[in-house]
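Naming follows writing order (A, B and C), and every chain is counted from residue 1.
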Amino acid sequence: MATKTYLQAISDGLREEMRRDSRVFLIGEDIGVYGGAFKVTQGFLQEFGEDRVIDSPLSETAIVGSCTGAALMGMRPVCEMQFSDFVSCAFDQLVTVAAKQHYRVGTPVPMVVRLPSGGGFSGGPFHSQNPEGFFAHCPGLKIVCPATPADAKGLLIQAIRDPNPVLYFEHKHLYRRIKGEVPDGEHTVEFGQARMHREGTDLTIITYGAMVYTAEEAADAVSEKDGTSVEIVDLRTVTPWDRQAVLDSVAKTSKVIVLHEDTHTAGFGAEIAATIAEEAFELLDGPVVRVTAPDTPVPFSPPLEKAFLPQVADVVAAIEKLSAY
Amino acid sequence: MATGTLVDVVMPQMGVSVSEGTITRWAKAVGETIEADETIVEISTDKVDTEVPSPATGIVRELFAGEGETVPVNTRIAVIDIGGDGGDEAASDGGGDGAVSAPGTGEGANEGPQEVTASVPRGGDEGPVPGTRSESAAAAPHEGNGHNGDGRTFVSPVVARMVAEHGLDIGAIPGTGRGGRVTKKDVQQFIESGATAAPVQPQVHDVPHFAPPEAPDTSAPAAPAPAPSAPAQTAAAASVEVVGAGEAGPGEELYRFNTIRKVIARHMRHSLETAAQVTTVIEVDMTGVVNLRKKWKPEYQKRHGVNLTYVPFVARATIDAIGRWPWVNAEVNGETALIKKYVNLGMAVAVDDSKGLMVPVIQHAEEKNIVGLSRSVIELADKARTKTLSPDEMSGGTFTITNPGVFGALIGTPIIPEGQVAILDVEAIVKRPVVVTDEHGNDAIAIRHMMFLCLSYDHRLVDGAYAAQFMAQVKQNLERWDEQAYGL
Amino acid sequence: MAVAREATPVSSAADIKQADLDREDLLTIYRNMLITRGIEERGHILYRQGKIPGSFYTGRGNEGASVGVATAMRPDDVGAPIQRDMGVHVTRGTEAWRIFAQYMGRSDGLAAGKDGNVHMADIRLGLIAMVSHLPALMPVAVGCALAFKIRREHRVAVAWSGDGAMARGDAHEAMNLAGVHKLPVVFICDNNQYAYSTPNRSEFGVDHLADRAAAYGFEGVVVDGTDVLTVYREAHAAIERAREGGGPALLELVTLRMEGHAVHDDAFYVPRELLEAYAKKDPIERYRRWLKEQAILDEVRDDEIGVDVKRLLNEAMKLAEQSPLPEPAELFTGVYAEPDELDTPHHR
């Protein structure tokens, strides 16, 4: 067990799995010589060579499509979208080809798409998005959104071993900011198992990714202020998502805030809220509240971006309003 | 269990089904000394108003509930500093509805072995009483329980479910949510407290307590009462029809229902909702009874020391008629009826300057003659007005008599008390010219003392013919008073 | 001005021998072309009988192109054919009855009812199922080639596209990536001159689609797709060159779509003269003539083959109709793969 950054944990997970399994190879833009836009794959080219660390042309479609082909041929490809925003260019390959392949003709497509996502540093409309909602709507894909370094490693290795196309969203704002204990060696985290980030009794926040920390700060604030006890459930994976953990927490607190950095309408929070309404209606003691980014593109200028991203104060306000309900 | 020098005063449970009580008046202020058993507070509950004797001798340290505030039974409402080293037991030698001492923090930790546990009062932090202390972060809602300003109630799904599962009355649970909404936590605390409490009351002026009305003119039936209230047998969860939080405008006065009013309101409403109420009126020539009373009154006073009124006559005649027509003395439960062979006679009594109503019950009235009935009527009416009725003296009624006639009312349609199927309304006795027929069949106009009796009955069980024949029997009993049979 | 090489037609049996085909191979090609056309003709009948739901696509006129390329592939090569390439499925060994079952949405169809018509493939035969979004399988085939290259396997991937789909970015990205890494992949463009109703002149600005290959750093060849032998020869050459590390190639197989885009389309927009001209170049007739000219096929053998194919197809149709329709509960199966499904020869 060592303390590592979120980024280091991803890098380590990837490296370790490549050492263990020669079928794993990487393809993406600037991942080889440069070591990746965020240096996740720094040193990989030197260790694994050009065959397994492939610098590709600017071709998201070909990157994802070729991963599908390689996966069908028994490889375990891991590709990188330099920014998760660019996955829109590969939408067809993911949604049309990879996601439906097994359902249609029974051939598994074990591949991972790494997606550096999220805002908070003036990346603007094309370097800040959290596009998991698009893909959560597509059966056949799995979606992973780790929040902690340990999960970043464990979920990545699990993703590589999964027999399905997995979208691995790694939040850029966590890369170097978040440090934590990461198990050495082989470490996997099951999909669909939420993590109890913080136990509480008054109110539950269902979230994932970077918003786990926003929720945590808000929970600290209200706890200090008036003792409100907030439970934070980190979904860890959006597809599949841990309904039981959510429903269990709803049963416990009866008040729920769903928090995500993705935009509001038809964001994954809507699915969580709807599921709670369908399956836990009689457990509710207040409306299910969503705290999300608004329905706008991600703006560039700092005050605009701050207004866009869910802030601690927004979550605190939501907690207080729901607590008083 | 005293661990310090403080002794708690808790809201006593005045009867098994009572769940809450309202602070009517603090007899002592913070800092005053008090003797054990000296009245520290006057309270009002669903069933009875009473004084709470101090459990200990000492100094009143803190009051946790303001006047007019309603708190669940067993809620700690005051604490008395008994001085000393704290090793003493509470100084209550009566050991009655006493209290347990508690640590000064008093966070409900003093779970006593008896029913005298104290619990943390809720919503008392805005109490108007100087010296009261905030015990709860939750502010008392200024609307009624579960109501927002426009009088609507929202019950969340989880609360609805918990209330149904535990068989609770939502109206009895203090709400701390938005607009006084009952939250899941409120229900949890309610269940955990083991209490069946009613809502925290906002701080408004309670109904003023007027002096008991003067004894009615002895020429009129005693124990006047404008309308009956059901004995509060089912007050386990006193649901409250709370008015919206209106503001009193110029020329208006906001009256917040006190406990009695709330109970009356709820029971009246509920009775009308369940029973198929219908009223039959019959006219009785009371001349014979009037003469009899006139004749016997002095003797009666001398022999029994009791003022003879008309009510015992009507009561006796009614009890006798019930013996022949017992279905008016019954209780309907769904599609069954419990016909009762005994008569627990409820006597509606106006209290609080006719702004309140209590219904003491003469147990086994069928065993009493006019003297016994007279004594009971007077004694219970007295206790009602001074609010010293015991819970048992207010429960178990099987048939009720109400007497608005004392104020000159001629005809009424009273509401049947819950749990009964009939109520007899005794109207004013007035002199009227009536046609009388002598034994020879000759008609003549005569001045007679006439009175209407109005019987409201539950048509689910009692039909019109049955009721009429019962009434005819009462009429006959009164018009042909049999001194021998009923005695004096 | 054409940049790509235009393939010279095969003239003699000697030409073909050089390309590793013996007499029986040549007859097998003939038989496969007959089966291919027979499946689609009978499918069309079933469709008009209401036994096939959805829409129905045929590749009439493309039998030589599809069978020719597939014949040039080795068993461990892989391919991602499109909807005009029934000949690839037939040549690689897909059983006819399962194709009929596929058409009819039966449990024994290659997609078991989850997908229809030519959206099918048997991975065990090295084929990858197409999607409607052509040419989305071009990058996928490139990925197969990438896997072969990484593993140093002497295998080749064949990626099909139509002339219409060559306008899409997938084609560009796939060919560019393959060219950059000199991957063992051969791109086949079935140029049947129409993308639904859109003619070649509205689809691309170069003379030949094969001209584009030069831009990606590999050879482009324009081939008469009605000539199965020339198709075979060129495909064989390209595939073997790719296998030896020579990188990709793009073969443009020019044919004419002899029927509508799908059977609901009467293709009124295709000039009658063009259809008549290509009717004379019908790949099956043309090949039969050649076989007879080369004395490889006589009337007796031709009849035998014809009767055999007819019997095979009749039995296949019967068998397919016995295949049950899928249970509604099957709807929910297979959305996700289970880990043990990776324990296959392909994925180990």
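Here is the rule we go by: a contact is a pair of C-beta atoms (placed from the backbone, for glycine too) under 8 Å apart; a residue touches a chain by one contact, two chains touch by 3 or more.
What you see is a predicted model, and the numbers here were worked out from it, not measured in a lab.
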Identity of the most central chain, Cα criterion: A
Chain whose Cα centroid lies at the greatest distance from that of chain A: B
Averaged-CA centre spacing for the pair chain B and chain A, given as whole angstrom: 64
Centroid spacing, where centroids are CA-atom means, of chain A and chain C in whole angstrom: 40
Intercentroid distance (Cα basis), chain C paired with chain B, Å: 94
Chain A residues within the chain B interface of the complex: 202, 226-227, 254, 281-286, 324-325
Contact footprint of chain A on chain C as seen in their complex: 78, 110-112, 114-115, 119-121, 123, 128-129, 131-133, 136-151, 157, 169-170, 173-174, 176-177, 180-181, 334-339, 341-342, 346-348
Contact footprint of chain A on chain B as seen in their complex: 137, 156-161, 177-178, 181, 183-185
Contact set on chain A toward chain C in their complex: 25, 27, 51-52, 54, 56-57, 59, 61-75, 77, 92-93, 96-97, 100-110, 139-140, 142, 161-164
